[in-house]
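Think of it as A, B, C and D in the order they're written, each chain with its own count starting at 1.
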Amino acid sequence: GKFGEYGGQYVPEALMPAIEELTDAYQRYVLDNEDGFMDEFRQRLRDFGGRPIPLQRADRLSERYDREVYLKREDLLHGGAHKLNNALGQVLLAKYMGKERIVAETGAGQHGTATAMAAAHLDVPCEIYMGERDINRQRPNVFRMRLNGSEVNPVTTGRGTLKEAISETMRDWATNVEDTHYVIGSIVGPHPFPAMVRDFHSVISKEAKRQFDEQVGTQPDAVLACAGGGSNTMGAFAAFVPDESVGLYAVEAGGSSLTVDEEAGVAPNSASLSTGTEGVLHGARTKVLQDRDGQIMESHSVSSGLDYAGVGPELAHLVDTGRVHAVNVDDDAALTEFHRLSQLEGIIPALETAHAFAFLERDHESLGETVMVNVSGRGDKDLEAAIEETAKRDIDIAPDMSVFQGAMR
Amino acid sequence: GKFGEYGGQYVPEALMPAIEELTDAYQRYVLDNEDGFMDEFRQRLRDFGGRPIPLQRADRLSERYDREVYLKREDLLHGGAHKLNNALGQVLLAKYMGKERIVAETGAGQHGTATAMAAAHLDVPCEIYMGERDINRQRPNVFRMRLNGSEVNPVTTGRGTLKEAISETMRDWATNVEDTHYVIGSIVGPHPFPAMVRDFHSVISKEAKRQFDEQVGTQPDAVLACAGGGSNTMGAFAAFVPDESVGLYAVEAGGSSLTVDEEAGVAPNSASLSTGTEGVLHGARTKVLQDRDGQIMESHSVSSGLDYAGVGPELAHLVDTGRVHAVNVDDDAALTEFHRLSQLEGIIPALETAHAFAFLERDHESLGETVMVNVSGRGDKDLEAAIEETAKRDIDIAPDMSVFQGAMR
Amino acid sequence: MSRIPEAFADGPAFVPYLAAGDPNYEDSLRYVEALEAGGADVIELGLPFSEPIAEGPTIQSAVVRSLEGGMTPRRFFEFVEDLDVSVPLVCMTYYNLIYQFGEEEGPRPFVEKAAEVGLDGFVVPDLPAEEADPLRDACDEFDLDLIFIVAPTTKGERLQRIMSQVSGYVYVQARLGVTGAQADVSDQTTDSLSRLSAWDVPKAVGFGISSGDHAERIVAGGADGIIVGSALVDIVAQGHEAGDDPAEIARRLTDLSEELVAGAGRGFAQRVPKAERT
Amino acid sequence: MSRIPEAFADGPAFVPYLAAGDPNYEDSLRYVEALEAGGADVIELGLPFSEPIAEGPTIQSAVVRSLEGGMTPRRFFEFVEDLDVSVPLVCMTYYNLIYQFGEEEGPRPFVEKAAEVGLDGFVVPDLPAEEADPLRDACDEFDLDLIFIVAPTTKGERLQRIMSQVSGYVYVQARLGVTGAQADVSDQTTDSLSRLSAWDVPKAVGFGISSGDHAERIVAGGADGIIVGSALVDIVAQGHEAGDDPAEIARRLTDLSEELVAGAGRGFAQRVPKAERT
């Protein structure tokens, strides 16, 4: 359960039996395909999720950057992001394990909506913990979870965002561990979560490898993916890791600045891989944004899906070993590319995803002939936020929104 | 250019040369695949759009209705609805025809967003006409069009909705006909639009037929699709029309009532096939909602995408000949099934689509062993409207939304 | 044979348009009559349709005012009967209203009723020649003219087809687009007139004529008549908006009509020498 | 060897918990001292961590108050030095704070400092036995106890592994879930105590004890000590909220402590005859 020095199982004793049970189930069902678990998972990903997802040549970006740019279109997965790969896998696993109830945390609501969809599809009762502040910032996603029949439990502690929601979900799990599975939303948390979530998402890179063979005839020179917790990142990297000729770039949220305010306990970015230090958070040893005492800092990103003070331990390890390049771009750059991709390719990306494109815009010359960008999600959820954040800045290519009567909401 | 008595080309003389040019282009590029047009169209539908789209067995609906229910998941197409099939086809055709500019109308914004995406993808300048009232009701879709780089032109005449937007787009086309193509959004308008739009959407039923062969081994006994203008309807029906053993059900919006208020010029429904009479609207002879003098009535539906006083001439003809059954369900029934599908299958449907499920709920016993429902679009665009309309009614299965702090917006 | 050809017999014809019932039944009667007072040779009366796809904003608004004032096809026929004018009247409307009228299917009942109240012809902007046979037949039966619009884009075979069906006059659309007053006269007009010179049916040019100078240039360019709509509708709209006395509004309509007639006359005068030179 | 075992030597031990620095440094000193006045045998002092995943709402709030009051690991050690108590002190905190302390990597600097200021042991809720070797080693080096939590779900091999590492006392988690005062005593407690009877390390039961009656039943059921946190933290929180005099709040803490000690004594008295019957 370790990736070099990272990983492990730093959880309350009450959870350890559940984690041992899950480790066993992961081995049997996921790794050994017992009872045809993986077959059913793949079939449901196909019929319910819409896989395989296209690998699309981005004609206009290719022209702009004078190299072949391919998009892995996870935004087309049911729910609008890669998140369903993992949520569907874990909810199905919970059923195979005989669990009768699902809990999950969510920040911006993407993992919550994916889990709620999977739970409805598979008929498992589901409760989602979400910071109260996020609930009121992410109304559409709350609507979606409730419509899918999930309970949404407001978390009022702390700042009321993702970090607190994860802690609260762990508390629920610790209380109801015998009949409940915790569907964690990224490659974080105690083992076996980081490995298991990676395995569920690795369909992204496995598919892409095959599609490169069939459609392009070569493999990419570089793969770019945004990195918050890192689930789309490891999903997009996993199958390419053994092939050292493929450069892997984890693009983190540089936020407004890479400097931190120790006094206030605030890091105005979410670049744990680039600027974090080794620590223990949410069950795993990994890179975290922390002050010198080890208190976890409030992270920040214009993209709420990247706004997390930790990162998956496997990514931390792969960065330490040099296999993965940790890079970052700031809020402004991400917003600019949000607009550019929308205008050039007719694909409105999630603000998370836009970070990967901002790195492409900045550093494309060093990325080789053929580049794959993982389009981790669509931007429908981000429309209001993107417009609002754009209005605060001077972004040349942003469209004028004066078509509306009267003022913006 | 006729479907029985329906169809034709009732347009201003200034447009006739453009329509003749389009008829010629339709024949050459679409029907005869000149210059490999259809090959490029199909490849872009795959890579950009995400086709093939799954045919999914709906496990819980199948159990509920004690028959095999399959979902054709057009909600997974890029943009979230079937609309892209047509928009991509027409924008590509405009490029083949050497047109330098695209105009389109939109009501709820679904066709407008699909056209804007296709125009960005194919690098063609695009202007969308949209009623001012719709602009202010459908903000997210306006955001999306603007983000994709399209102009959105408010239409202030009349009630400021779809009917007026179509008229206004025709005016633009009549003014700029030489360099402009009008991407009409449904199987309506003058020939060749109804046939051409049907052909672009017929990929839905062609794919479904093949998927039934491969995945199920039999063809469906009934195909259900909601019908406003009728583009998803004809797309879902087209390949099944020759096979008389497949029952085809066009489910219209019964709105709040099938009776009309002649005095006010209002039909509180959009059931043109069920209750309309023969007339000439927007370039074609078809079934329309009109008063005894021939003035077009204001239609209504809880689903703005079905809210149109006319319908495709081909559907009118197929209903007259008995091949297609015109049925309808009211607003309340559609809202109820919006909630049911969300809860049972983890798929939040468009309110349009929910009409097809409401017919399934009501009449499933008469529909045979295997039923396909065309999930024409996803409901993300309808969240606010659905919650608001639900709050006005007493819908047992609707979730409580009190998780939010304070009042609903 | 209708009375329209003779309206074009004697120099350039002035063909004004107003929407019947705009802004209300009584005032509208007076306004239409003011056009005759100003020298109208033929009057185009709009019967408003809810979806006027060929109209610009000015006439769209007139249509809305008229519909809100309760105008219907039946009221329209009463309106025609109530009018005290002697020049020929052409009904301009959309095909659905013609098609839906009466018990019998098709356009015949509408045409029969039009003939009965004394109308002389029709212009139907959304009815191309390809779909016009039933209406053409009914017009022939009741001796009414069917006027067709020729656009700048109408050429070759299409032009032949239209010109073989037209009667009364041909409505030469001065430029692409929809109705509406414009400051300039389009080159497209000259091209259209020259394409049409092979046919001897009167050519009336419309779309965008708003002043005596326009009228002069258009007639000088060879037009047999000028059709003016939006500029006149604007007078009604602005007067109505300002709450002006209907008598005053009627006077303005007469004034503009006289200006247009005078302009057309000047244009025609410039043309005569050319004819003599041949 | 630390001073903890002797605290359990003489009848049931009362082990109260407060978060150091809640709601501020000065008052918190007084409150901790009030626990000793009320009969504490060992005191668990919380060093607040920003992500207290094992705590219920009551202790989460205490953690927030303490952090907002400026509590840090270094202040915590000063706090321990400033305390005027003689009973053994156990530091309850999360592993990241232990791990990050000092220049040297690993837990050793923290443990060294803890020993220096007179702490007697640790409870680390997010450090399972599997990850505990480095901390266990440091504790051995500086002669501090490492207390482990045994949950109702801890059985078989896991229980063996934990019990082979524990020293001082074992923290018997009375029920599943997180910390917090509860009205009832769980059956899970009895089961846990019976599973643990094979080991002679003291068993202190915590999670949910809020009254003398609870304490009585738990000790009667075989516990060697009771751990009480949320009920005491509640007194601090409510008093602070109400703006009460800190001296009065301290008195309430002493009162509840005495009630709990008395309850534990009654429970122990009920148990003695059983022992005599053997």
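Everything below uses one rule, namely that contacts are C-beta pairs under 8 Å (C-beta built on N, C-alpha and C of every residue); 3 or more make two chains touch, one makes a residue touch a chain.
Which chain is which protein? Per UniProt: C, D = Tryptophan synthase alpha chain.
These numbers were taken from a predicted model, which means no experiment stands behind them.
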When the C-alpha atoms of chain A and chain C are each averaged to a single point, how far apart are the two points in Å? 65
Could you put a whole-Å number on the gap between the CA centroids of chain A and chain B? 33
Based only on mean CA positions, could you tell me how far chain B sits from chain C in angstrom? 38
The positions of chain C in contact with two or more other chains are none
Going by the contact rule already set, what residues in chain B reach two or more other chains? none
Is the way these chains touch best called a line, a ring, a star, complete, or other? line
Which of the chains touch, listed as pairs? A-B, A-D, B-C
Of chain B, residues touching chain C in the complex: 8-14, 16-18, 20, 157-158, 163, 166-167, 170-171, 174-178, 265, 279-283, 288, 290, 292-296
Residue numbers on chain D that touch chain A, as the complex places them: 49-57, 60-61, 64, 67, 72-74, 94-97, 99-101, 125-128, 130-131, 148-155, 158, 162, 173, 176-178
Would you mind writing out the residues of chain B in touch with chain A in their complex? 46-50, 53-57, 59-60, 73, 75-76, 78, 80, 116-123, 132, 135-136, 139-140, 142-144, 146-149, 152, 154, 339, 342-348, 379-380, 383-384, 386-387, 399-401, 403-405, 409
